[in-house]
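Which chain is which? They are A, B, C and D, in the order written, and residues in each are numbered from 1.
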Amino acid sequence: MSINKVVASADEAIKDIPDGATIMFGGFGLCGLPENCIAALVKKGTTNLTCISNNAGVDDFGIGLMLHKKQVKKMIASYVGENAEFERQLLSGELEVELIPQGTLATRCLIAGYGIPFVPVLAGVGTEVAIGKETLSRNGKEYLIEEAFDASFAIVKAWKGDTMGNLIFKDTARNFNPLMAMAGKITIAEVEELVQPGELDPNMIHTPGIYVHRIFQGSHYEKRIEQRTVRKAN
Amino acid sequence: MGLTKEQIAQRISKELKDGYYVNLGIGIPTLVANYIPEGINVVLQSENGLLGMGPFPEEGKEDADLINAGKQTITTLPGSAIFDSAMSFGMIRAGKVHLTVLGAMEVADNGDIANWKIPNKMVKGMGGAMDLVAAAKNIIVAMQHTNPKGESKLLAQCSLPLTGIKCVTKVVTDLGVFEITPEGFKCVEHAPDVSIEEIKAKTAGRLVIAQDLKPVAI
Amino acid sequence: MSINKVVASADEAIKDIPDGATIMFGGFGLCGLPENCIAALVKKGTTNLTCISNNAGVDDFGIGLMLHKKQVKKMIASYVGENAEFERQLLSGELEVELIPQGTLATRCLIAGYGIPFVPVLAGVGTEVAIGKETLSRNGKEYLIEEAFDASFAIVKAWKGDTMGNLIFKDTARNFNPLMAMAGKITIAEVEELVQPGELDPNMIHTPGIYVHRIFQGSHYEKRIEQRTVRKAN
Amino acid sequence: MGLTKEQIAQRISKELKDGYYVNLGIGIPTLVANYIPEGINVVLQSENGLLGMGPFPEEGKEDADLINAGKQTITTLPGSAIFDSAMSFGMIRAGKVHLTVLGAMEVADNGDIANWKIPNKMVKGMGGAMDLVAAAKNIIVAMQHTNPKGESKLLAQCSLPLTGIKCVTKVVTDLGVFEITPEGFKCVEHAPDVSIEEIKAKTAGRLVIAQDLKPVAI
């Protein structure tokens, strides 16, 4: 039953992503980013992309690298601070941005992975997020109707994965990764450690391989820290 | 001389009850973690997917894979649990988090809050703020009573784009403690050195003074 | 931060469940059942219950034990075969039954735990399950609107749990357990092994303790097998 | 002499493609697992929360915690994954399962299926059948062509309460292989010893015979 999802490299994994594609990127801030695939996309120069990701990276890391090369047409995110080039492109009209509440962003991934077309949420009711959105009343409350995402590709980063695509994430590098893995029509996973089927405990899989189409072991992870905060050692 | 940021956080810490799960926003709210009362066990939730947020790591022990919602390096504690962002906001939406402490730019006397956007300035996004204010049962705002220009941040109506409507339960500022009531802001405690007159002068929204008004006990 | 959810026993855990309560029970068939709590409910004789569970046990095990003592007023389930006493009570009109497609049952638990009031599903469209239900059209398809469950109590069985209520399930004994744990207003977890905070890997928690209100280490698990199927040893 | 149950399962196994995730129902569908063609790797999904269902355990190695949707003791395989019932039906609903094989009491020539309830008999419930037929992209029904009374189970309209509407793509019976088309059941293969006349006589729904009709190759 060993369905093999392994591809040779990041270049191989992303080679059929066309200009104009919609891509989801796992990660929160700079934590849990698919660094190898982002580098491969920058190298290949795929352009006119719609990127769905909680954040837009910083100037010289994460999706910021693609922004710098003007590969991104539209950014769908919940928070896009800490990024001067992003700000420049946005203010100059080169870049479209759609801001979505973080929980709504996460839930729109979840329902895509669960085959649910839309979900009612309270987040944003009474705010400008609600403008133009369908609403439904229930139990005396008004809910916004939010749609499942429809993305051709999802690119995620896991800690460990096996050749069948089963994934395990580490600590808060989990964040949006398993959700986007479920939501992509084609899901690409890069992992720090690629193992054989049977090496991962079936009870401890975060993303079952059925949701993953391509997997490879990444390399040279920089894992940059955005806010290094420490305390004095005792 | 109103309350310091630390004193605002210390006052809010008195709202904690044993067994509470708590989400603390960035800024003054984060400081609340430093004043958890003796004998009170609470679990801090970080909306990027962690229950049981511990202190910052010791120097040299930072782990890029372990951060809080403010992207700061943190630690776990015995009994911590990690989960994805959908479950994280799921438990918030389902009312499992007992208390949320947030900063704000403006609060209206009906409980509306604005804390994510200033028109004509760079918009950074709402992050998880809209989800939190729409879902949490008990939302306390920690902020300065006035903005840098000296204008009241406690208003009859928010002038900035809203984050959520009718959701704030209590506001703690450098001047005192204000409950949101049908009559507007109800001042129930005042900073020791601050007069009722100063509070009235600096509060633009409807204000009522509690019968049993007392000084903030720090 | 060590919030202690431990109660002394199953009797203690269920003592405030009143007659007429709505209770969710984890488990699939006889797999992953909260055996200790069921025994305690039978002993206490709590009656007039509405039970939400994928199945209704067999004649002498699981919820069947409560049926035998006529403690159940209404059963909400997806499959209720293999149970003669159940059949007798149903045909005699002593027992109400509401049958729900299994995926809908699971999803109505999930959304309760995620604070989502309703969910659109295709399961049951065009069948008698759809009768009387609100529908919504989307992308040319008609969906049934299914509500989040609203149960006062959920009783689940986990493999391991810590004193803060974090739970781990084993193999297919997971099934509905983590979903119902999230959905109950008060959730009671019985575990095969109760451990101290820090003994479970934070990355491998299936149900975070925030969803669990009471926990205890069960005993004398019978773990009955419904269909014992084997092959010849090689 | 039509196909045996084993032969029906064997014929359905030819629908498997390398890399398929497959859900097999109880009865004849289960037998399909015994005929997975050489060189074809498939993963079996059990809707109670398992991908990678293995064979029955060796005697003495049964584990009450590890069962399939038919409540039978089973095993995992290297690369198996366990999940809860919401994710299980989530992946089904999202179309990640390529093929579902089910038994049926009746199939209509428009693809309607009835397989969960006989009025005035004890009702056991639909289990996961309604979810599966509403969601799966490719649903093959494995069943006998006629019921024990000799009446056709391939009908113009189901007489029993429906499980799902317009969802079946193909029916494999002891008499042959039938695709659901706008013209009704299209007989594309017949059991070697079964005549077209017998198939016509035993099919109550609309029936067309494929131009390139051929015998079922076992």
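Quick notes on this structure:
Keep this in mind: a residue touches a chain if its C-beta (ideal position, glycine included) is under 8 Å from a C-beta of that chain, and two chains touch if they have at least 3 such contacts.
From a predicted model like this one, the values you see are computed outputs, not experimental measurements.
If you take chain A and chain B together, the chains in touch with both are C.
Across the two candidate interfaces, B-C and C-D, the one carrying more C-beta contacts is C-D.
Averaged C-alpha coordinates put the centre of chain B at 36 Å from the centre of chain C.
Chain B and chain D have Cα centroids separated by 56 Å. Chain C and chain D have Cα centroids separated by 29 Å.
Computed centre separation for the pair chain A/chain C is 33 angstrom, with centres defined by C-alpha atoms.
Contact with two or more other chains is made by residues 107, 114, 116, 121, 170-171, 174, 202-203 of chain A.
Residues of chain D found to touch two or more other chains are 50, 76, 82-83, 86, 89-90, 92-93, 135.
Inter-chain contacts occur between A-B, A-C, A-D, B-C, C-D.
Residues of chain A that touch chain D in their complex: 1-4, 112-116, 162-164, 166, 182, 196-198, 202-203, 205, 208-211. Against chain C, the residues of chain B that register as touching in their complex are 18-19, 21, 41-45, 50-52, 76-83, 86-87, 89-97, 135. Of all residues in chain B, those touching chain A in their complex are 46-50, 55-68, 70-74, 76, 82-86, 88-90, 92-93, 112, 122-131, 134-135, 161-165. Looking at the complex, you find that chain C touches chain D at residues 28-32, 54, 77-81, 87, 90-91, 97, 99, 101-107, 109-110, 121-129, 159, 170-179, 206, 223-234. On the side of chain A, the complex with chain C involves touching residues 107, 114, 116-121, 138-139, 141, 143, 168-171, 174, 202-204.
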